[in-house]
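Next, two complexes with chain A in common: one pairs it with chain B, the other with chain C.
Right after this comes the complex of A and B.
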């Protein structure tokens, strides 16, 4: 029940962040999204008795839900970024696109549903959230929302990892976290560049 | 049967109180000196003492309209879900009837707006029609999906079913329809992201613009209709989406119900002080969000559960 609830909130925050037009709100929704991803990892870890999954859930909570949104907000204020991020795709099209993407991903999963067992619905949701974050990535022009879209995409990949395979190896997850932190540092440079332009 | 009649009388009498709770909580949070919780009743008393002035431009609609706005909402009160376990309730009425009756009341409100002597009435009516036409599809989808989860399309039956066996396996679907219904609650009652209930600025008015011409007893009827509409939506929200406490003893069940309605009022007040009013042409974005969530709730009922 709690797993269903967390997945629901995960998808809901993703959709809200697609439709939101303010940068700081977008970052806030990213934080909520990763918070529930972390909770989800912890719940699944407890259910399977997998201590590694619990550990990576805790790391997700600390880094993705609090540290990265905090730094992104700090950068947004420091570099005086444009806070008003209108999407290129109109909301009226999004209203049709989002359900279509979600339904489509359920059909996409059905050929290999038997290989992932009873979790096939979760896999479908994570693939659809992958598409949705791709939509977020392509519907904005400016750099800052694209970064958030990239981070949301990473979240969906993490969800895919924990629902399809029951947890990736520890080393890979730590590597991904390290990559993310590096990405944030690189983004800092990028934003400096954008301000110069 | 006594409990049933008590429920209806309670809804009618207490509805100005809950509006007063929202208003005074908002004022308290904005560091103003809050108005009394019973300010609604004082206003009604004041309006009763005033005389009715009717514009010479207006026709008979302005005289009969306020009664026709109020009466469908009174009828809806008889069909609401029960708040006591052994209470009588009307089970066969489905949500589409309730939506239809509420739309009927909105229709007469728009007629009053068109009938009024000034030009703002027409603006208000057109905006109200715009918003309520967007609310309708989301409302139908939300109610349909909650009916699927409760295995009964009648509202009262659905809420009793939900209270007795909660659909744990459809948690995600339940959550989506709750979000969607909450947005609809804000939009239909003219709360802040869609319409500011306190302002009289002509650029932002929706609800107030339609009733600018009314005074005295007619204004009282419209204000009462507004507060009853709020209590209808809040009661539907708490009995469909917070379905617990029904099996307790009558007194406790009643206290739990009042607490739940107060909780909804507090959440609305918090939403209102934290957000600004949307531009009128941005309102479809918010209601589009609601449509997406209601659609998602329907999809995830079939594929997740």
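Right after this comes the complex of A and C.
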């Protein structure tokens, strides 16, 4: 029940993010999205008795739900990033594109749905989340929503890892987190240099 | 322990970058040579040799790739000594270039030696992120915009790779549990995988990610634009080290996929390669500067390598790979010298080099340009002969013989257009334009000499036997 609820909210926040036109709102929705992703990992971890997945969920909550959104908000204020982040694709096209991508993901999963068993719907949602975050990433010209799109894409991949495989090995999870932190450092440096020029 | 020795030069560069770089940069080329000692050791021991359990191992294939990429790193470090004399770079930018170069090198060493898909991805991502900042060291609005471009497109590519890895892991987990990420174990047990479709979709995603990163169709121009906007050693690092790590990943993933559906993999790569070469040929024909010319030619060579690999011509693919990895960085480093006075110009760029170093540079550039278009005795000449004959033998056994042969002939026609363009550029460099006096520094000539000698060494019987032995 809680797993279904969390994954539903995860998808809903992603859709709201695509339709957001304000940067700080977008960062907020990223935080909420990560929060429910963390909860989802914890719930699945408890269900499977997988301590590694619970640990990954806790790290997700700490870093992705709170730390990264906090720093992104700080960067937005510090570097005076453009707050108005209207996408190049008009809202009514987005409203049509989003369900098409979700339905297409379910169609894409159908050839191998039997191999992932009961999780096939979750896998379809993970793949649709990946497409939706890709949409967010490519429909904006300004940098800030692209960064959020990249982070949401990383969330979708984490969700896919949880649902399709029942969690990736711990070493890999930690490596991905390390790379994410490195990405934040590089983004900070890029924004700093951009301001200097 | 060996892994520690392999990473020492990168760590030295990283730590030195926190101190006085002006004096230290002259010592760094010497320290970077240290990397060759553990590599020689790896060549001598029985393989596969476990470096960290079975997470990272030295095989015949990755030891060869490691040697090639390390020689490229040494050559680039040598040429970096006089980077400030060639381009406008701040002291802070210089320091940060070295720092991120060390991270880049470290990431790719991990990627090349990994026997685990996840670790391979982590190393590649680390290198991608370090590259973003290296592009940015060129303080111009264009380089900032290209750095963001690289960040976004690179991230999409690397995310597709991770997406594919997760699907492959999901398909193999019922058979191998957590070991499903282990390349060697997966290769041995691939026939037991039940969900072949899931595996194939995974391979498709991994390949698409890697193809985007290598600049294949439809993202053929982004890499050239980024290399144009950044300092020229970055293009050398891309072509010699980053692409080596991507190719070693492609070799590993495609070896797995070939066990499941060889004709499907061949058809997919063949169509993709043909489309890429078709686009690249026209872009290359219109190229107006050295960096774009060499960058697009690099994509052409990677198309050839991947095609030879999936055709089963492993020796040809590896020989071509080695030659490409040595020739392209040398050409990119030479372009820094050739373009010193004026960019976006080919005419007369090879005129005005005097003295011993200048004359040597003149002949070396001639050798590099003629070698890169596969004129004998370039290793590329032999690799193309072997590779094309392998594709012909596949065509003769295939139901679609006429179709494959037609495409091969079209392929050769497109390669001949590229050949013509390079000859035209070379003649323009030598015989057209005005003569302007130019300088070549000792470290630059040494660096290019290393690449030229390394290319020639690929023709030695020792190298031929080693490359033939990798997949026997």
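We take it that the second predicted complex is superposed on the first by the 192 of 197 C-alpha atoms of A that agree within 3 Å, B and C clash if a C-alpha of one lies under 4 Å from a C-alpha of the other, contacts with A are read in each partner's own complex, and residues count from 1 in each chain.
FYI, a residue touches a chain if its C-beta (ideal position, glycine included) is under 8 Å from a C-beta of that chain, and two chains touch if they have at least 3 such contacts.
No experiment lies behind these values; they were computed from the predicted model shown.
When both complexes are superposed on chain A, chain B and chain C end up sitting side by side without clashing. Contact with chain C, but none with chain B, is seen for A:172 once the two complexes are overlaid on the shared chain.
When the two complexes are overlaid on their common chain A, residue A:103 makes contact with chain B while staying clear of chain C.
Residue contacts after overlaying the shared chain place A:121 against chain B, while chain C stays out of touching range.
When both complexes are overlaid on chain A, the residue A:153 reaches chain C alone and has no touch with chain B. Touch criterion met: A:1 reaches chain B, while chain C stays clear of it. Touch criterion met: A:16 reaches chain B, while chain C stays clear of it. Once chain A of one complex is fitted onto chain A of the other, the partner contacts of A:92 are limited to chain B, with no touch recorded for chain C. Legend: residue contacts after superposition of the two complexes on their common chain; A:182 is shown touching chain C, with no touch to chain B. Touching more residues of chain A than its counterpart among chain B and chain C is C. For the combined model, the angle formed at the CA centre of chain A by lines to the CA centres of chain B and chain C equals 150 degrees after rounding to the nearest 10. Of all Cα pairs linking chain B with chain C in the superposition, the shortest spans 20 Å. Touching of chain A by both chain B and chain C, each in its own complex, is seen for no residue at all. Taken together, the chain A residues at the contact with chain C in this complex read 108, 111-112, 115-116, 130, 134, 137, 143, 146, 150, 153-154, 157, 160-161, 164-166, 168-169, 171-172, 175-176, 178-179, 182-183, 186-187, 189-190, 193-194, 196-197. On the side of chain C, the complex with chain A involves touching residues 55, 116, 118-119, 121-122, 125-126, 129-130, 132-133, 136, 139-141, 144, 147-148, 151-152, 155-156, 159, 162-163, 166-167, 169-171, 173-174, 178, 181, 194-195, 197-198, 201. On the chain A side of its complex with chain B, the touching residues are 1, 4-5, 7-9, 11-12, 15-16, 19, 91-92, 94-95, 98-99, 102-103, 106, 121, 124-125.
Taken together, the chain B residues at the contact with chain A in this complex read 168-173, 175-176, 179, 284-285, 288-289, 291-293, 295-296, 299-300, 303-304.
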